[in-house]
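Next come two complexes, and both contain chain A; in the first it sits with chain B, in the second with chain C.
The block that comes next holds the complex of A and B.
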């Protein structure tokens, strides 16, 4: 046994169970699903090789196009919405330390509450005839309130709003941790120099929080493409697919229609798009993230 | 040899001998199905089978459908299917084509077969082979609120009702007391769901698929049925737009007294009993025959829940014995919850199953459906083109809802769901 091998052997032995688990339950399925994306396979039958057919169909099908557009619209609402709201909440709580423990918990609560349970409550809030929202609007004299979850114009934004509400507490905690690493003397110096709140926020808070913001941005982007439970419990992708996003469409194809090869191809398209967006983010990171 | 070896070796040998003897005598039959509540009802029948087959243990497992089909599929891929498993009318064709279902053709005699509803038993015949055998069957029926009918002075639904009779009743039963334009009580409730729509199409002699079930090609009778249903919502206002009922479970609209009539599966009898309780009297009727149908072309809509044997089962004879027990005399009426109709006629026709002391008082009407020509409406990839379960917002369901919600024209919707369906079927 060489000295180098003798040095690393104990570490490798200790890591072996985790490495085997990672390989068997993560890496092999990831690679196998890539192979599957070139097959027609319903799980219970024999797979048949179809080459690029799944990819070609996805890229030319009107339904897939609609689903990709929905995913983009959802991300455009969810990512900026959740980051802006969590930043505001984190800033407010950071400046109100005495009462922040209660509000921190209250705002974090939706994140750790059962998604299906809270989504059912939102479903009732959005209900057309008996919902809290429309009855509140009627009390204000607005009788022609929309059918939030049954109207293609509002269904996807409604799913995005509930998703933001659910996740904002998590992002807020991440940003709050970042805010608490900023040295207060920067703010004192700026105050002495006469900088107002808004200026202090954009000149001190945002630059010094940029690493946390970058992390939250990446996480929010990934999560925006993974929305499933809220869509499932709130709209089931409807009406007429207007709130079906890519993750939900993958689920439908894999576990309702058992088109596993097609679902695998969809998953790899999602993976490619996410990878591309992440690369773009890392490229622009140099311009706004302060190391 | 050490003392320890002296003690342990005989013990190990004795244990191995006992285990091998037990293995020779004991047989485990695996059984999987999609309804945990139903499995609890079946426990007594399973125990009875075990008692009459000494040495046989039935390892029964149930999970909800959303978990059942992925799990069963994974077991099929691994070559480890249970000996006996529940099979739906919707999947039987695909599963048979994939070679997962054992051929049962020679196992049952014509005499035995005559004891079952033919409409249910025929669903498990794919090509020339019987690959699954029915346990029970279900059928959409028209639920109607007797109290509302009586209050409006409308005659209860009759077997010879025409669609005009139905419309006249629905109009009389639609009530907008405060005249705000939103009726408090509708005559009818429907949306694009398969069990709301297809009964009207099949009772009008229509078809959605071509003869060999490989392409969507709605017949003129089917289009006429869709036009009639659209008119109920958009022209006559006797049924609400689906958007208006968003947020209410679809199966609760009728039992909550929001609509006087509703067409959906017989399995909803249990839910109507639970929700409505004794708050009103209700009954069931057959969906009215359409104007385009003849006696030969009008069909009922019904399908069977079946049991199948895995092709690679190592004990097909025992598995068949178990199926015979579970679909026949081994069962009691109480095993079939709500509106599930036993495929074995003797149980279906028993007083215990007919439940004359419960609502609906005319449950026997379901048995008439089993003697009629029926259509299951299923094809390969049905869930995708039809829009079913978690895909309910898409396909034909999604397009029809857009029509009922007044955002799309029927012609356009038909064109869209036919194009999408044929894309799915030829993919």
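The block that comes next holds the complex of A and C.
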């Protein structure tokens, strides 16, 4: 028998960089953030321990109430919107199209290109007077088009539209992989029984795809709480905070106001909400996901 | 491929929907490209024209040359290329070593470590970024490329996961044969298994490169000298300085998008395999 250290030395050496990374950039920051969330600390001052004050303030202040509401509204547009759209697109693509490689790339392109660059293109498209969108709407006879990014009612939906546009291709690829595992004979049988397209979609496609759909749902929920780049490049959270979601609010508090403790508490609230959503998802999983 | 929808009407509607959505999906790219070939006066013409008017003048690339030379995009581009390349190479290196160890080498408790790496990947960036910033400040790394490279170099749950699967799927006998010859573990890894894992290594590299090229938050926090700006940061600093110069801005956007489109086209197979296999970023 070789001594233990000689047997395990190779594995430890191979794992060394990953373990250093795990400790320094994951475990330490996760704990540090948690500790920070109980302090009042403006980065240039001395930190002072304030217990649960940050959390209490977050849960009672009207500003963070608005931010949490914005986060929920964003998620309620983004999650159903992107999943419904990617599901329909994936099933159309899966219905034997000769040029599906072209369409797949066309839909996936927004996901892999530079976020800031495409968001700026959208900013130009949303421009109230000279933008492509409002001029297209005018050509269709809609003259009372909103000012989009300058209008508190429409700024957040605009951020959601760009986010959906960007991510749909990614979800579609994941769903397409799931669709390709469904046995075509189910559809044959359904067709012989005379089931129509919509019925086949809800009775065969959705149940048999439920595992992929569950996976996509989890990813979409996680991503819906983490929108930063698009918000930053499109609206900077405005006008009047109308498009400030939790992730953006954390950035603002930590790196513009340098309220490190308060921002850390916000981050832990975000983490808690995500954990809760994931648990709820897993709880309902057996109701609709077929193994 | 025998799953056609019933009736020509339904088929037409589905095709129609797909074509319309594909057009919407590509429209911002087309508009970006057209705008990048317009002179300032043509931008504010109503209704907007789809004619890339600069192409019909003596200086078709005017917006590009302003942005590239005078606005220093050549520097931003070089910075982004350097940072993304280093970060991606580092990630491949660390993830390959770790993935191999998790798949192949004996170590008690290695599955627990692997589970911790995966679990911590689900903790949102917002939680770790504040202490990360404080760490970088403590190291004296602010306003250098190190905070953009080192974390990506050392942390890659998705890449580790993917390469662990890949190494586990390769046959074991090569290693047994080599061990009998007295080859050291690192030699076995380096000479036999690493070359075999090439497709997975390319996936991890390309996805890491794209993610780092796209990164906005870290450059925003860590870089203050314009000479060190990456492309996304350069683009945004341009927006705040030259609000209405959409022609030049869109030229900059095309420049920052083009490398990713080229990489995607060249490595599409690996990228799609990577994304649909792992699905998790980071």
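The rule is short, and it goes like this: the second predicted complex is superposed on the first by the 264 of 291 C-alpha atoms of A that agree within 3 Å, B and C clash if a C-alpha of one lies under 4 Å from a C-alpha of the other, contacts with A are read in each partner's own complex, and residues count from 1 in each chain.
Rule of thumb we're sticking to: a contact is a pair of C-beta atoms (placed from the backbone, for glycine too) under 8 Å apart; a residue touches a chain by one contact, two chains touch by 3 or more.
Everything numeric here is computed off the predicted structure, so don't read it as measured data.
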Side-by-side fit of chain B and chain C on chain A, or clash: clash
Which of chain B and chain C A:130 touches, first, second, both or neither: both
Chain B versus chain C as contact partner of A:147, first or second or both or neither: first
Chain A: partner with more touched residues, chain B or chain C: C
First, second, both or neither for A:180, with chain B first and chain C second: neither
Chain B versus chain C as contact partner of A:244, first or second or both or neither: first
Which of chain B and chain C A:257 touches, first, second, both or neither: first
Touching partner for A:63 - first (chain B), second (chain C), both, neither: first
Location of chain B clashes with chain C - one stretch out of 3-11, 57-65, 255-263 or 309-317: 57-65
Doubly contacted residues of chain A, that is, touched by chain B and again by chain C: 124, 129-131, 232, 251, 255
Partner chain A, residues of chain B touching it in the complex: 66, 69-70, 72-74, 76-77, 94-95, 97-100, 182, 242-248, 381, 383-384, 388-394, 398-399, 401-402, 405, 407, 420, 423, 427
Of chain A, residues touching chain C in the complex: 7-8, 10-22, 24-30, 32-33, 36, 85, 88-89, 92-97, 103, 105-110, 112-118, 120-122, 124-125, 129-132, 135, 138-139, 165, 168-170, 173-174, 176-177, 184, 187-188, 191, 196-197, 215, 219, 222, 225-226, 228-229, 232-233, 246-247, 250-251, 254-255, 260, 263-264, 266-268, 270-271, 274
Complex interface listing, chain A residues touching chain B: 42-46, 57, 61, 63, 123-124, 126-131, 147-152, 232, 235-244, 251-252, 255-259, 262
In the complex, chain C residues that touch chain A: 1-6, 10, 14-15, 17-18, 21-22, 24-29, 31-32, 35, 43-44, 46-48, 93-95, 97-98, 100-102, 105-108, 110, 113, 116-117, 120, 122-135, 151, 153-156, 160, 185-186, 189, 210, 213-214, 216-217, 220-221, 231-232, 235-236, 239, 246, 249-250, 252-254, 256-257, 260-261, 264, 268, 271-272, 275-276, 279-280
